[in-house]
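Scrolling down, you'll hit the structures one after another.
Okay, so chain A shows up in both of these, paired with chain B first and chain C after.
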Partner chain A sequence: MTEKQAPPLFDELATIFKPSSDIVQTPLQLKDHRAFLFYVKSVVDGDKLQQTVIRPFFEMGSEEDFASYIQSLPNRTDIPDKDKLLIKLSSGLVLIAIGDSTFLLDVRIVKNNEIQETVMEPTIHGPQKGLSEDIETTINLIRQRYHNSSLKVEEIPKNDISNRAIVLLYDNDRIDPRILKKIKAELEGITNALFESAEDLQHFLNRSKLTLFPTTMVTERPDRIVYNLVAGKVIIAIDGSPNVIVAPIIFFDFMSSMEDNYHVSVITGFTILLRYLGLFTCILLPSLYIAMTSYNPEILRIELALTVAGSRIGVPYPSFIEVIFMLFFMELLTEASMRLPKAVSGTATTVGGLILGTAATEAALTSTIMVIIISAVAISTFVIPINEMSFAVRVVRFLLIIYTSLFGLVGLLLGFMGFIMFLANKDSLGEPYLRIPWKGKNAELGMDNK
Partner chain B sequence: MAGKQKILKGSIVFILLLSLLIQAGCAFKDIDKRVFVLGFGIDPSEQVRNGFRVTLKLAKQVGDIKQSTSPPYLYISHDAESVAEAIHEMETRVDKVLDFGHSKIIVMHKELLTKDLDTFMDFFTRRGDIQMISYVAVADKTAEEIISFEPTTEAPASIALYNYFDNTGTESPFVVTTFLFEFRREVLGEGHDTIMPIIGTDEENHDFVIDKSIVLKRGAPPVELTPEETKYFNSLMNKAYGFSYKIKEDGLIMVLNFDEIRMSYKILLNDGDPRIDMKITKVGVVGESNKRLNSKQIEKYNKIAGKEIGKTVTDLLIKLQENDVNPFGFGLRYRATRLSKKGIMEEWKRIYPDIKFNVKVNIELKSTGAVE
Partner chain C sequence: MNRFLIYLILINTLTNMVSITPRILIAGGDTGTILGMALAITTGIVLTYFLVILFSRFPGQGLPEILKAYTPKWFAFPVLLFMAAAWYVAGLFTLMIYTFIILRFLTPEMSIYTIVLTFALVVTYGVLMATRNILYMSEVIFILVVPFIVFVQMKGYLDPSLNWDYIRIALMQVNQLPDYGAFTSSLFIVIGTANLVIFNRAFTTLKKPTLKGMAILTVAFMYILATTYLLPIGFGGFDSLENALYPWIMTSDSIRMKFGIVERIVFIFIGSFLALGVVSMIIHWHVSIHLFSSVFQFKRLKWKSYNLTLPLFIVFFWIVAMTLTKRMTVEGLYRTIEMYDDFVLPAMLILLVGSLLLAKKGASSKWRENKKY
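Coming up: the complex of A and B.
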């Protein structure tokens, strides 16, 4: 009886993986049956391996029986070429050699597959759970909400360093094939070496280097995903990220909250109205203050003009410095409370609130009316439901302030018109970015054709 | 690498340009560096021959308006040959920019009405920052006194004179409102004469009294209307409500309040003597009565009131006709409804002094105001 050696492939693989200590290359032997296992211990489910591979090996009568048993396991996959094989092994597959044949079994263990709470877009009504960091779980969550054979899950081969799975999900019946083609081309065109998360991938999808407004949306809500699938959009999921990318997205998608679908129509209408008023307030109000106090006080009511003039007594700097100063502190405050650990952020907001509140007025650094305006602006920024858009709006605000402090009310108007023109000129994968949704919800979802 | 450098350079240039912002533009003038002119008073000058004395009402800046006790206004006057000169010279007397954007009233002295009006009023219509919706009024005394008068009811940061005319405060039928654009149009146009309120003060010098008006025709002496006539005119022309009428009959004293007034007239030349048929409808309620009223007698009260009101209106029309002025704009109507031809206004000027008035008043009391 000759001693069977491990196949040469195993030795080769072992040298590649060296000096990782979590490599296991082990022979199984019962009388003259032999099998060889090769796997990375830290990503393989040991129990499952024991249950489905090692135990049956010792129970089976012959190598042939064991080979056909392994052959019929549901988690068996075909063996790809060597490069792919390395990727697969490092993600938790087990290579088994029995006699002359080798098999690849999926016994990976995923620790990050718990379902996350919705953090970015919390709602009162509607689903409270988001997606998972594990792509299998994420796809499972989406599939469980969309039982339809036309939902396609397509893996995109991507050669970045981490070799993580990127998956496209779309409804084959509803999607515009041109958009799908464009997105695929777009994804293939990305040459970046490493994606950390969905947000990261999104930046590369936005094409131009200097963009302010995103053309894709990052979401964590399964209900939004399903809504967009039905509307014929593509969902891009990346392993390891609890968020997915929705494309193509236009401006007005950023202004909609999923809760709009869960309320009665009048309430929804009211909240949408509030949201748009908030949008215009936070874009225009600081610039309007500059325009009104420094260029065209005649558009105010006389009482207000006198009050504003009175409250500015002793303020050392011109109005736009005042506005930029206060906005700057407000932005610092927002940024700080976002980044800080929860234990400290409370202190930051309290201290910041003191500075922005009465203290700044009492020190005659700003007028009292300015404090009101800044708080109104800060609050209305948070009314915008999608965080990415409120970031963009914060930048637009500063651009308008520059225009206004140079050219007054006319500058504000021109700047705002320029902003509209910019948005109108922009496109999101061929869709006009500022396309006004004249169509109703049903038409948008393609329901009225049926 | 070159691309990165380019971006870096670009952003440095951008930041440097941004720092230019600190050097504010030339139209940039903060609100606390402006002083708001709230009103103009124009008098004939005693120092400069044929000149004007211009008084400006300025708003002082007060840090805390709610705490301040006195109305925060200040007044400056200057004599010069023309209004524009006076204002330019006054600019040297305040440290801030005079901002006319908020001035909403122009008060002029009565004597100035007989002078060449359009030359001094020209300043106001030419300046872009003086709004054409400014009110124009005539002072009972000197314009300076009126514009600098601070009634006891005037609160800080609220200008009493504006409240009289803009219908946000009092809506008395005794107050006629004339805007600068109306004034200009009517003074320079033909067929419609301007009527302006006369602003006076009461005897104790506590409050304004604005109940008279003056009708102005260019090149003719102005005609003053009494408070009663002003009320009648205002209720007909401007549908001013709050018009009340007192009936006295057989010991019955009754005050009627009208809240809806309609007036229409026709100029008839071919039907007998040239005449103007005026139809007035007033709808209202009984506001006060010293006796119990019977709703069956409403028709009677309607008739009594209608007859009296008709007579007063006719008297007013005749007074205006005798003075050859026409704030109702009959001439304009004549001009607008006849075929245009040369000398049409001369024709009207020949017709107007002899035209007859036929006033029909229809009073509609809604009820006696009592539950039966």
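Coming up: the complex of A and C.
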């Protein structure tokens, strides 16, 4: 009986993977026919391997039968070059050698494929489950909501250190080919980086170093993804992240919640109105207070002006210090309750609430009206549905406060206009960021077709 | 008609409501303002129509590109330079008017330098924006502001203290021959289309004027001009407004919101027009700076990869603006604007239409030459 040796490729691979202890290189032998398996134990589904490879081996009559059986399995893939092969093996593929031929089988086991609850953008109506950390499951979730052959799933080869899959999803019939080309170029332009998650990748997509407003959106809702696919946008998914990136995006996308589609029209209109009023309130109100108390109290009706002035009696510094002081503590409180473990955050909010509430007023460090304004501002910041936008708005608020403290009411007005200009001058992958999206885009005069 | 073109025209129209224009109109009140305005609307509509048609022959091109391609150099450069100066001065007037208004009504203790500096930061950013983005920005601001303006005007028309008899007296002057000053200053209001000299770069497929678009413009012009002239008269009286510096601000201060948080409507009025004024200023100076840079382009003036021509012009713009605003008086400004409207504006319009016709002729002859080969 001639002893068959494992193919030289197997030994070579084994030396590369050493000293990892979860490498398995095992021969299968029945009478005189043999096969060799090579895989990484911790990422391979043992049961499935047993069912589809090992048991058939012992039931087959000859090596040829077994080889043609393996050949016809649906999870067989072609063998790539050696570098790719190493990546594939470490992601859970099994290398099988029968006689002179070798096969590669996908029997990976993915432990993180459970579907997540929606945490960032919860809704009352509509789907409650988000995506998964496993990219296969994510693609499955999207495909199951979008049965259309024009939905393309395209893998982008990327040479970052972790070798994770990055996948583009788009509707081929609806997407603007120029945008697709731009995104691909943009993705290929990213060099030498390690992507932790979708949020991380998003930062690399923003070319400039200093950005305030996000130019791509990170979402976890499959319904939002489908909505955006229909609108002709590109979804970028990365393995290991429960969120995907949507691009290009405009300002108004950040102000829309998926819930808007699930309500009666009047209710939707009301909530949208509420949201925009909230946006204006949380940007303008603190600066307006400064302008009205320190610069132009005569604008308010006389009773109100007197009430404001009366509540400021005893406050020892000008209004802008008061506003910055209170906002600073409010931001600290928001930040602390977000980062702390749940057990402690309750204490933080209670203590903070005490300080910001009555105590600060009684100590005459701030006026009562200021406390009301600060809480109104804090609440209205949370009305903005997408978290990233409300973070950006928090920064804008401070800039506007500075401008108003320097230049008064005119400064407030001009500063706000500057904010609008800044948004209008921005673009997300060539798509203007702040353009009012009227219905009937054909009337858009071909201004963008340059 | 393109909606962005309509915004461009209407912003120019609305901005002038609060400025010196009503004073000029009222000053000519008993010498034929009504017919002057009517004539200006007709001229404005006809000019708008022809300018849009002329510019639509050169899609995506501003006046500098058109003139450089189809007219001789000795003609193109002086014309561009003159227009650049004219547009700069138009923007400068807006800056001065609003600086004076702010100084008088909002922050009397603030120094003029501080007020101009408030504008400087924001307007500089706006002027240096891309042409296309200025149009997007003006749409957003237009939509945010116009409801307030309409509200103020409705409030004015419905106010019981509005005396319609004064308005009737003013309308009785219709039999006077048109007043030249009233005509030109109304013409300035309705001629926002002229901004296409640079903004045509953003309109790659500028459509021919449609009946609907022209009808909207005609109605808007008539309403705005009538309101500009007649509403202050209705509040202030036909004879007594002659010495008022800012008739419209006085008018809006006559209106009171009984139950509003802001009781005096004048602040809403100033605020909304200030926003439009800033947009109008950005539009004018954007046109001006691009016309200037089409004449003088300093290729060597570079920092890293940025060409510093535009920032240099901006700095220059602000230095001139600061010194002039400091020296100017309200009365002086009034006289200057009157002169500008009477002489510079007609000259500029004639030059604009003339040069476009010339370029059109040049373009068609060039086309014929090319066809021969």
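Criterion: the second predicted complex is superposed on the first by the 438 of 450 C-alpha atoms of A that agree within 3 Å, B and C clash if a C-alpha of one lies under 4 Å from a C-alpha of the other, contacts with A are read in each partner's own complex, and residues count from 1 in each chain.
Rule of thumb we're sticking to: a residue touches a chain if its C-beta (ideal position, glycine included) is under 8 Å from a C-beta of that chain, and two chains touch if they have at least 3 such contacts.
The structure presented is a predicted model; accordingly, all values stated were derived computationally and were not measured.
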Touched partner set for A:S257, first chain B, second chain C, both or neither: neither
Partner chain in contact with A:T404 - chain B first, chain C second, else both or neither: neither
Contacts of A:T137 with chain B and chain C, given as first, second, both or neither: neither
First (chain B), second (chain C), both or neither touched by A:I313: first
Contacts of A:S294 with chain B and chain C, given as first, second, both or neither: first
First, second, both or neither for A:N243, with chain B first and chain C second: neither
Which of chain B and chain C A:N228 touches, first, second, both or neither: neither
Which superposed partner A:I302 touches (first chain B, second chain C, both, neither): both
Common interface residues of chain A - those touching chain B in one complex and chain C in the other: 295-296, 298, 302, 406-408
Residues of chain A that touch chain B when the two form their complex: 292-298, 302-303, 305-315, 318-321, 402, 405-408
Residues of chain A touching chain C in the complex: 295-296, 298-302, 304, 406-411, 413-415, 417-418, 420-422, 424-425, 432, 434-436, 443, 445-450
Interface residues, chain C side, partner chain A - complex: 2-4, 60, 102, 106-107, 110, 114-115, 117-119, 121-122, 125-126, 129-130, 132-137, 139-141, 143, 202-207, 260-264, 267, 271, 274-275, 278-279
Partner chain A, residues of chain B touching it in the complex: 18, 21-22, 24-25, 27-32, 34, 36, 38, 59, 61-65, 72, 99, 101-102, 104, 129, 131, 157-159, 162
